[in-house]
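Which chain is which? They are A, B, C, D, E and F, in the order written, and residues in each are numbered from 1.
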């Protein structure tokens, strides 16, 4: 049996701002620039979830992509899509909503559910714009 | 001399919500669904501005793309990028921030400046997500 | 009130072959080449449906994209996706399954339902591969 | 019988510079900026050729895309790809190599050969970068 | 001398179905859903082949991409493109045609020929749709 | 604290030719084909710079992307964009301008400046065309 990585792409549109509550507005503005705008801005985020595991002989699958997609939607997309990442997402509470932190939190949300399916969550990749993306491998 | 169309692509990331102030929250919610979320959501908008005109023999240009890009940035992108379309954009005041209306308003902002360069603004195309876009031809 | 075009993108994956039943296998093979393979081949088709109409003041919409998407799924995608275009699609019966004909038939399937929403179906664009697409305007 | 438009996408990589030989180097530099660099620069150009015509009942085709692709390669791509547009392309002689002019010349090269196949060359679209493209409709 | 990875992208369009011959039709249908449709469906597969090796001083190449492309076409694309993956591909015999298995088999087809050129086949990546891809590293 | 990779995408358009000055024209032509054309050709290169590091609690950043983008523009893009890679780029002197070598040299140009920001330069990826890219990890 061989190990293959499988990646599912999902998308969400959300508003956010970069803001450190321990800082003055001036310091936030100086550090984060227009990303700190108090009236929010937003993105079409593109999420790639990569899972690896043995290819099952009976199905030719590492994981049923429909199940993987359902887990991602249940645990992540439905909580982020068309929401405000700073105000409305339980797992982003008290976290600066940088792409780095969103990716880490998504990884942590997904990992136990992937493990339940005898697969390993390898990577969460999050594109914020066509010019910027981050990758988190869980360490 | 021949007529050619020239298109410039620009991008902006903004927050917004769909909301009719003459309606109850229930009616807004019923009509616009999650797009009406009071805490805003956002998009990476992609804007295509198409200008047509005669190709000048001296330059081979219909329009200097650097000038076209500057006009678009000055008049549109700098007013929209990393802003809240409902609250912070002068030319969107009292307008529902649907893709249709944003495209119309962008067209109206740009048209006099394109005319000044002896070109015709042909079309404004605005992509809100990879699955949805609108086009306005000025009529 | 202004007229704007709105485009919705949908996708379907299907099998097909190009084949004229009035011809010999040799003539089919000579005309259509490997596209005529009797064991079928397939594509990820990308469909763009463009609708135009007046922008309603109350909503800022030409058409509710959720409704447009539902119509396209009901009438087209659910009948094509993961099916054999030659054997299993009622509206493709007795039609060579070229991209041109698929686009025409999709247009004809959609048009009455778009008209019901006081909009005009402007165009159906169908991409068969990244290098080939067709457009049908209904005439 | 119905009329459909068919588009074929092809690509070429070439070097060029924008330069008016009747002008001083200073004026060229002032007008065209870095695009006038005397040591050339280059692009991956993407070409879209759109042809329209009646859909033939026997084939479901407006045009055999293999034939269309061959014409484009023979007449255009093979003369432009990996060449210097200013120095090595017969049909660009004495022409400023702006995207506008390249599109016009490609249109003129292709038109008689498309007409021979009982189709109409509708449009040549040429992308120079992901942010800039031109379209020529032959008038 | 330094080690660099080089990736070549190729494409093929094919039909297939997911089907375990040891199972009843009901179990196939329950497990694979519409992917098990007995009349086949199809995809535009996108293949990325990544090879690594030392950069040769004489050429600046790890591998001549024309040679790499020829190997991929000879050994893989010409056997898959416009064919039925279940019925017509020698190296897919008795294998469920999941993306995972196709990627593994492509890797095994290519590896000896890459080794002959003093390079290492690092990865085969196969996109089945814009939302799904698999990667196989040969272990 | 967690380690995340951050990638910034930048672009440049340049001319070049593949050419080994120790070889005859015939041998260059035989080895590099049309890529060796003495009048140059060119590309729209797409550059992805991947940096990894700890996510800072105060900012949620691994690296300020504005700073990363400035470094890439200062050290790389401004020296390559709209230039001739063989003739005009200091760090490409006496180097065959293959994608492999360009990627290595870009890596070496950037590395000390990334290290200064307490991050690790993980990878330089360079796309020469949509079908070819190289990756260099610094070893």
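Everything below uses one rule, namely that a contact is a pair of C-beta atoms (placed from the backbone, for glycine too) under 8 Å apart; a residue touches a chain by one contact, two chains touch by 3 or more.
Please read these numbers as outputs of a predicted model, since none were measured by experiment.
Touching subunit C and subunit D at once are the following chains: B. Annotation: the subunit B:subunit D pair of sequence copies touches via predominantly different residues, less than half of the used numbers being shared.
Interface matching across D-F, C-E or B-D places the copy of C-D, with more than half of contact pairs shared by residue number, at B-D. Of all the chains, the one whose CA centre sits at the greatest distance from that of subunit E is B. Comparing the centres of all chains, each the average of its CA atoms, the largest separation from subunit A belongs to D. In this assembly, the C-alpha centroid of subunit E lies 28 Å from the C-alpha centroid of subunit F. Averaged C-alpha coordinates put the centre of subunit C at 42 Å from the centre of subunit F.
Computed from the mean C-alpha positions, the centre of subunit B lies at a distance of 34 Å from the centre of subunit F.
Across the assembly, subunit C contributes residues 130 that each touch 2 or more other chains. The full set of touching chain pairs reads A-B, A-E, A-F, B-C, B-D, C-D, C-E, D-F, E-F. Partner subunit F is touched in their complex by these residues of subunit D: 11, 13-16, 34-35, 37, 39-44, 81-84, 87-88, 129-130. By the touch criterion given at the top, residues 2-10, 50, 55, 58-62, 65-66 of subunit E touch subunit F in their complex. Residue ranges on subunit A touching subunit F, taken from their complex, read 18, 20, 31-33, 95-101, 103-104, 130-137, 139.
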